[in-house]
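These are the structures in question, set out in turn.
Two complexes follow with chain A in common, the first pairing it with chain B and the second with chain C.
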Partner chain A sequence: MFEFDLFELTRATVTTLVGLTAVLASLGVILCSSPIYCALYLIGHMICLALLFLLYNAEFIAAVQIIVYAGAVMILFLFIIALLGGKKEIQEPSTERSLAIAFVATMLGELFLSATVGPTRPIEGTFDVQTVAEVGGSAKAIGLELFSRHVVAFELASVLLLVAAVGIICLSKFSYVPVRRRMK
Partner chain B sequence: MIDDVIDFFEPYTYLIIGSVKAFVIAGALLGIVPALVWLERRLMGRFQVRLGPNRVGPFGLGQPISDSIKLLFKESIIQSSADKFLFHLAPAIVVFTAIVTFAVIPFGEPVKVFGQEIGLWVANVNIGLLFVFAISGMGVYGMVLAGLSSNNKYSLMGGLRSSAQMISYELTLGLAALSIVVLTGSLSLIDMVNSQDSYPNILIQPLAFLLFFIAGIAETNRAPFDLPEAEQELVAGFHTEYTGMKFAMFFMGEYINMVTMSALVTLLFLGGWNSYGVPAWPIVAFSGKVLFLLCVFIWLRSTYPRIRYDRLMTFGWKVLVPISLLNLLVTSVLVVL
Partner chain C sequence: MGHQFVLLISASIFCVGATGFLIRKNPLIMFMSVELMLNSVNFLLIGYSSFQKSMDGQIFALMVMTVAAAEVVVGLAIILTIFRTRHDMDVDHINTLKG
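Showing the complex of A and B:
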């Protein structure tokens, strides 16, 4: 009597809707004139990305996406907008603007062209849904991969981040002028 | 016909059970809020050697109902300079994130109803703890947006303070919880409870418990860390311009966050629904611990004065974060050895 698979249908619909929302939100980021709303569109976009990760069974990456980008980075964006006073920018036609629109239109055209040429292919990796389930969750799978095959790169990245953090503290704590005087 | 319908829905039983559980728990959380307000006012009264609400009904039990009715029927005022959309959105974010966070909190062992095993949680995700942090981190947006959209300098200050405070204390919260993750080897809250069946984690991680609890109080914006709404300096902080039910929604968020935080402390450190020899149903043991922690929250509010804002940040960054890092380091070394 009922032939279709309700689960797959719902999943496909939800995935498409979330993807569409992500695209619309990212359009909102560049088209909106108020900085607060731009930031909010970006948050919306991040959340949609996290939802897409979630729909493809990557719970750990989804949670990290929300914690790092939507939770920490964007809060600082909003913080700065609040401190500087987010005024609406006045939009007037200019050459740069039309150039930008032409660029975006070209990119979109290319996107449609690539869509007609052939279907996108998934990247082949070590893990699929079953191996991840055997290991015991996506967090463990990522941990195993990261700390076995990519441990050097991982440690190097952490050193890089540490240097950046120390650099930021140095830049903000000590003013630039005395450093230049010493140079003379 | 009915057989057809039953056959059709057979594979989706878990979906139906899940939706019912989601509705029940969301409803229960919203219902708990007035009860908590009543408890807080009664207890605060006792702590301050006065009676507290006692006119409406026995023991003042009717007070929350009359308060709710008052808040529902109050005129909703929005000043003309506010950003209308964000002004309406902000309280909704606060309540929504508060309720969604509770989705991964388990509060008992699975029970069998009509041969169907039902877990006493909405969702058993294997990244449970991370999910809690992710969603509760989104709750900050409600406060920031409330501050931004109100177009009022006190609101703005309150919003900024709350975001700075919550980002700072989230670190301590996460690091303290990480030591338990290292001990358990899992991010799932159910695994954590199961690993504590012989003794609760507070016995081996007392420092982490203390750090987690302090950071938890700061995360829920409760006294003595309720700087975002310090009356002396900021009128009422980020919700200065809010009236009626939208004003109440901020408090709903705060109280639900309190329950979630107490539940998290119970799950991570107090052994969840393990009752350690005391004859009690798992769910009763769990609720008892949560209720006790909620009373501690209220007790702290009536005991400590609010601390100054710069001291709060110094305390967070220069005391709590280093201690929690050290604690995590020592725990990891001990686990590896």
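Showing the complex of A and C:
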């Protein structure tokens, strides 16, 4: 009559709390006026998302999220903020701002409607359920998939990273001369 | 947790990121908003990969992370170059190319 699964209940509560924390932290990112606080809120957001990934059986992606995002990318952001000086931004209401907020609010409403009313039932996956259930989201499963069916995408990603590395060397090594000075 | 939770959280984070990109004027914070949007899509991919018991979503999330990392590196280098020449951090003032 009145029965509940304690494990499932705990899991649902934790997932909801972590999800709401992630949304609140993202609000902190866009509402703080000092860039350094924004970066700290973003780190909190990344950690919340990594926890959510863990709760949805993606251990490897959660580890990558912590290492790549909360580690490398956010350290890069903090270094740039330290270099440029975290000047506070005065936020005064303007027409463009209210227009932007109205536009996004409409989009959010539509998304919520489509999420609650629309056809969001899952289709059955073609991948063998049994194999995935055995290996789950571990590094082994990711590696099996990545190096068998997605090997081209994997190699293209490495090319992309190489192009980005060469690009920033070009950007930072050769100093840019403004057009006005060149004209003289 | 059900599909709706994943969809609602993901949509909320995406819209917060879009709002941040539109209302902020500091290019660093605009980049952080782009990161928020990319992350929300990652969460959607992971959630549905878990529901459908398929690995494709996780692989795709990995690819999104790679693209995001490359994008952040190049974007921050561009911001740094602009700052070195202009000493200004407001995107509204960068209008040299405006017709």
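Simple rule for what comes next: the second predicted complex is superposed on the first by the 152 of 184 C-alpha atoms of A that agree within 3 Å, B and C clash if a C-alpha of one lies under 4 Å from a C-alpha of the other, contacts with A are read in each partner's own complex, and residues count from 1 in each chain.
Keep this in mind: a residue touches a chain if its C-beta (ideal position, glycine included) is under 8 Å from a C-beta of that chain, and two chains touch if they have at least 3 such contacts.
Everything quoted here is computed from the prediction, not taken from an experiment.
After overlaying the two complexes on the shared chain, residue contacts for A:82 are found with chain B alone; chain C is out of touch. Contacts of A:38 after superposition: chain C is touched, whereas chain B is not reached. Look at A:46: by the touch rule set out above, it reaches chain C but stays clear of chain B. In the superposition on chain A, contact of A:21 is made with neither chain B nor chain C. In the superposition on chain A, A:161 makes contact with chain C only, not with chain B. Contacts of A:70 after superposition on the shared chain: chain B is touched, whereas chain C is not.
Legend: residue contacts after superposition of the two complexes on their common chain; A:139 is shown touching chain B, with no touch to chain C.
Annotation for chain A, partner touching more residues between chain B and chain C: C. Shared interface residues of chain A, touching chain B in one complex and chain C in the other, are 60, 64, 72, 81, 83, 137. Those residues of chain A that touch chain B in the shared complex are 1-2, 6-7, 36, 40, 43, 59-60, 63-64, 66-67, 70-72, 75, 78-79, 81-83, 86, 136-139.
Within the complex formed with chain A, the chain B residues making contact are 4, 8, 11-12, 83, 86, 125-127, 130-131, 133-135, 137-138, 140-141, 144-145, 147-148, 156, 159-160, 163-164, 167, 170, 187-188.
Note for the complex: chain A touches chain C at residues 11-12, 15-16, 19-20, 22-23, 26-27, 29-30, 35, 38-39, 42, 45-46, 49, 52-53, 55-58, 60-61, 64-65, 68-69, 72-73, 76-77, 80-81, 83-84, 87, 89, 91, 97, 100-101, 103-105, 107-108, 111-112, 115-116, 120-127, 129, 132-133, 137, 141-142, 145-146, 150, 153, 157, 160-161, 163-165, 167-168, 171-172, 175-176, 178.
Against chain A, the residues of chain C that register as touching in their complex are 1, 3-9, 11-20, 22-26, 28-29, 31-33, 35-36, 39, 42-43, 46-56, 58-59, 61-63, 65-74, 76-81, 83-85, 89.
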